[in-house]
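Structures incoming, each one as C-alpha cells.
Below are two complexes that have chain A in common, paired first with chain B and then with chain C.
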Partner chain A sequence: MKYNLWFGIYKDGKVRKSENLKKSFITAHNPEPLPFSPADAGREVFGDDYYGILRKTAIEVCRELVEKELRREDRYVIALVRTLDELNSSINLLMEKLRDLKEIRESEVVEVFEQRIGELEKFKAEIEKEIEEVMRKIAPNVSEIVGEKIGARLLEKAGSLERLAEFPASTIQVIGAEKSLFKALSRIRRGKKAKVPKHGVIFQHPFIRNLPKKKRGKMARFIANKIAIAARIDYFKGELDEKLSEEVRKKYEQLSRK
Partner chain B sequence: MSSFQGSEIAHNVFMAEIEGRKRIFTKSAYPPHYGERKVGEYREWIPQRSKLGALFMKGYVIDLGENTRLLYLGAASGTTVSHLSDILDSGIIYAVEYSAKPFQKFLKLAMERKNIIPILGDASRPERYSGIVEKVDFIYQDIAQRNQVEIFRKNFEFFAAENAEGLIFVKARSIDSTKEPKEIYGEVIRKLEGDFEIIKHASLEPYHRDHIFIHVRWRG
Partner chain C sequence: MKYNLWFGIYKDGKVRKSENLKKSFITAHNPEPLPFSPADAGREVFGDDYYGILRKTAIEVCRELVEKELRREDRYVIALVRTLDELNSSINLLMEKLRDLKEIRESEVVEVFEQRIGELEKFKAEIEKEIEEVMRKIAPNVSEIVGEKIGARLLEKAGSLERLAEFPASTIQVIGAEKSLFKALSRIRRGKKAKVPKHGVIFQHPFIRNLPKKKRGKMARFIANKIAIAARIDYFKGELDEKLSEEVRKKYEQLSRK
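Moving on, here comes the complex of A and B:
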C-alpha cells in the first residue's frame, strides 16, 4: 500500500521524501485511516527535528492559504451589494404603499408600518457600513480612489476582485454602461454614427460629475486607468498606495481650472 | 504580582482566589492572547470565552498531563488552544480550523508557540489531513454543526491511538432548533454510546447556555 504523507510517499515500509514539503503537505490525502502514525515514520526521516519541520511547513502553508481564502471576502461584498439593491427596491415599494394608506386614513396600523420601514432603513445603513468596512480591507486602493460605494459596485459588476484586477482600464471605464455601449457598437458595425459611452458606474464619482460635460470623458479615462492599477495592487499586494488617489485629485484640479 | 497563591488542580492549571472570586489560570511563559490578564507567570482562563475553562470552573477537571498528543477540531481564533498549549508543555496540538478569518489570529499564536501545528482545513474531511496528523491521545471538538457527532467519530477512526479519549461540546440549537435541548442531548449520547464509553457529561451553565460537554473514551 502507498500512503501520502506530508513529507513524502510511504510505500512498503519506506519513505520517498518529497522535494517540496509545502506541496506534499497540501496533498497529504488518504482515503482510509493509516495503519501507522506519520510521526513514527517521520522521526526516521527527520530525527528529533520532526515537529520543528512539520510546524514550519504547516505555518508556511497556512499563511498562504489564509491569504488566498481571505480574498474571497469579495464574494461577501458582492452578496451585500446585491442585498442592498433588493432592499432599496423593497423600501421604495413599501413607501409607496405607505403613502397610499396615509391618504385614505390615519390609523395605528399605518404608524406601525412606518416604524417598520424605518427599521429597514436602519438595516440598510448597517449593510452599507459593512460594505465600506470590508471594501477598505480587501480593496483599500480602489476605495481610496473612488470610494467604497462605487468600488463595491465595480466589484459586483466584475464578479470578483480577481476579475476586476484583470480588466483593462477601458472596460472599467464603461462598467455599468453596457447597454449603451453595445448599442453604440452595433450601430458602428452597421456603418452608422454612434456615441460611445464615456462612463458607467464611475460617473457617480464627484470628480467626474462635477466637471463640465466636455471634460468628463477625459477624467473618466484617467480615473479608470488608476482604478485598473489600484485593483491590481489590491489583489496582489493589498497595501495602500496613496500616490494613486493623489494623482487623481491633481488631475481633477487641473481639469476644473482650465 | 508576586503573591499569586493558587492550587494546582491539573498539570499547569491553577485555581486561585482574586478579588474575592474564584478564578482559573494556566501557567504560561507567553503573553495574553485574547485580552485576558496575566498575574505573574499565570494567565487567566476566562470561562465565558472558553468552554474547556468553563468545564474546569464547574469542577470537572481533565488532567491531560504534559505529553498528550491532541487533535483539536474547531480551533477558531485559538482562545482555548492557547490554554491547552500552556498545559501541554512537551505534548503537541494539531489544530484544525475551516474559516480563514479567525485563523489569521490563530496563526499568530501558532507562530509564537512550539507545540501547535495549525491546519486550515475541514474537520468533516479527515482524509484530507490524514497524512499530517499522527495517532493522538485526545480529540477535542468544539464545532457547532448539525453533523458534529459524525465528524467526531470519523476523526477518531482516522487518528485515535489506543485508549484515546475525547471531549465533544454540543450546542442544542445548532443540531435542531425545534427540539428541546434535553431531547437532543439524549439523542447525541445514544449515538455516541456504540463507539464510545461515556465517562461524564454535564451542562455548561451558567457560562454557556444550552451547551453540554461529553467526555468519552474510544472503544476503537
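Moving on, here comes the complex of A and C:
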C-alpha cells in the first residue's frame, strides 16, 4: 500500500522524502485512514525537528495560499469596477430606448422593460457594495483616505494592488487624467505652453473638489502622497493606520481656513 | 350654464355651431349630465340631416383615430427593433464581463449577474414575439413573404410603413446594403469597376441564401418586387393575399431545380 504523507511517499514501511515539502503538503490526500502514525514516520526522517518543520511548512503554505487569494481579490475588484462601467453604459443606452418606446405607447412589453432596467439598477448597487467590502479587506488604508469607490478606481487604472503600491505619488496624482497629461506633455515637447493636469481620479474626492481652484493642486499632491504610502501598507498587509486619513483631514481644514 | 356638444357650444338655450365638427366631436365632454336632449338641439341646427351628419362625423373621426393608431404601430415596431439591437449589444458586452468575473471567482454577485443577463435574454424573446404580433397586424403581406423578422428590419431601415410602400423594388432589394451600394456607386462614378450589391436585409431570407450564388440576384429581385407590392397592400390596409408568397415559393422551386 502507498500513502501520500505531507513530507513524502510511504511505501512498504519506507518513506521517500519529498523534494518540495510545500507541494507535498498541499497534495497529501489519502483515500483510506493511515494504519500507522505519520508522526513516527516523520521522526524517522526529520528526527526531533519533525514538529518544527511541520509547523514551518504549514505556515509557509498558508501564507502562499492567502497571498494567492488576495492577489485574486484585486483582480476581482478590478473586474467588478469594469462590470460597473459596462452596466452604467448599458443602462443609459437601454433607458434611451425605453423613453422612445414609452413615448409611442405604454404596453406590457414596455412595463417589463422598465422592470428589467430597474433590476439592473439594483444590481449595480449590489456590485458597489461588493466593491466596498473587498476594498475594505484588501486595501483598508487606501479606502480610509479616499473611500472605497475612488480607491477601486485607482486600482482599476493601475491594474493591480502591486502596481499601485509601486507607483510614485506623482503618478497616483494624475491617474485617470492620462489623456490630458500626455496631451500636455506632447505640447511641451513641441516647445509650446501647456497646463499639466493637477488631478485625475482623486479629483472626485470632496477634499479636493470643495477647495478653491488655486488650492486644489496642493491638496491633490498631499492626498496622492498619502495614497502612495497607504497602498504600500495595504500591499504588504499592514494594519489600518488611521493617522494617514487624520493628516489628510487636517491638511484639508488648514487649506480651507486660509 | 355652458355645454360642449359634438356639433357646437350650447349656452342659454342657443347653440353656436362648431367650425370643425370632427374636432368638437372629440372634445365634447361635459362634467354634468345634459338637462336637455342634444338631438333636439341638433335638429334645430341641422334639420332632418342631424343623424346623417352625426353618423358621417363619427365614422370620419373613428377612421382618423384608427389610422393614427396604426401609424403609431409602425413606429412602435421600429422602436422595438432598435431596442432589440441595443439589448443584443448590451448582452454581449455584459457577457464578456461575466466571463472575466467567473474566471476570477464564483461569488454571489456573479450568480446574480448571470441571472440578470438570463432575464435580459428572456426579455429579448418577449420583444421578438411582440414584433411578430404587431407585424402580422400592420404588415401581414410583407410578413407572409419574408417573415416578421426581416419585415420588421425592412420597416426599421425604411423609417415607416408609408416610406416602405413608396420605395421602388430596386431600393427594397438593397435596403441594409447601403454602405456597399454607395461604395460601389462612388467607384463607378470615378470610372472604376465595382460590384453593385444584389441584396441587403432580404439576403437573410432562406430562399435567397439557400440558392447557388449565381441565382441569388435573380431571386432577390423577384422577392423585392413582391415585397414592394405587399408593402403597398399593407399600407392601404388590404387583405392578406397569399398568392404573393405562393409565387415566391414557386420561383424559388423553379430556380433551385434548374
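Going forward, the second predicted complex is superposed on the first by the 196 of 258 C-alpha atoms of A that agree within 3 Å, B and C clash if a C-alpha of one lies under 4 Å from a C-alpha of the other, contacts with A are read in each partner's own complex, and residues count from 1 in each chain.
Going forward, a contact is a pair of C-beta atoms (placed from the backbone, for glycine too) under 8 Å apart; a residue touches a chain by one contact, two chains touch by 3 or more.
Model, not experiment: these values are computed from the prediction.
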First, second, both or neither for A:R82, with chain B first and chain C second: second
Partner chain(s) touched by A:R116 [first = chain B, second = chain C, both, neither]: second
Touching partner for A:K97 - first (chain B), second (chain C), both, neither: second
First, second, both or neither for A:A58, with chain B first and chain C second: first
Which of chain B and chain C A:Y3 touches, first, second, both or neither: first
First (chain B), second (chain C), both or neither touched by A:E130: second
First, second, both or neither for A:L185, with chain B first and chain C second: neither
Overlapping contact positions on chain A, where the chain C interface meets the chain B interface: 72
Partner chain A, residues of chain C touching it in the complex: 72, 75-76, 79-80, 82-83, 86-87, 89-90, 93-94, 96-98, 100-101, 104-105, 107, 109, 112-113, 116, 119-120, 123, 126-127, 130
Of all residues in chain B, those that touch chain A in their complex: 69, 92, 100-101, 103-104, 107, 110-111, 114-120, 127-135, 157-159, 161
Residue ranges of chain A in contact with chain B within the complex: 3-6, 24-25, 28-34, 37-40, 51-52, 54-55, 58-59, 61-63, 65-66, 69-70, 72
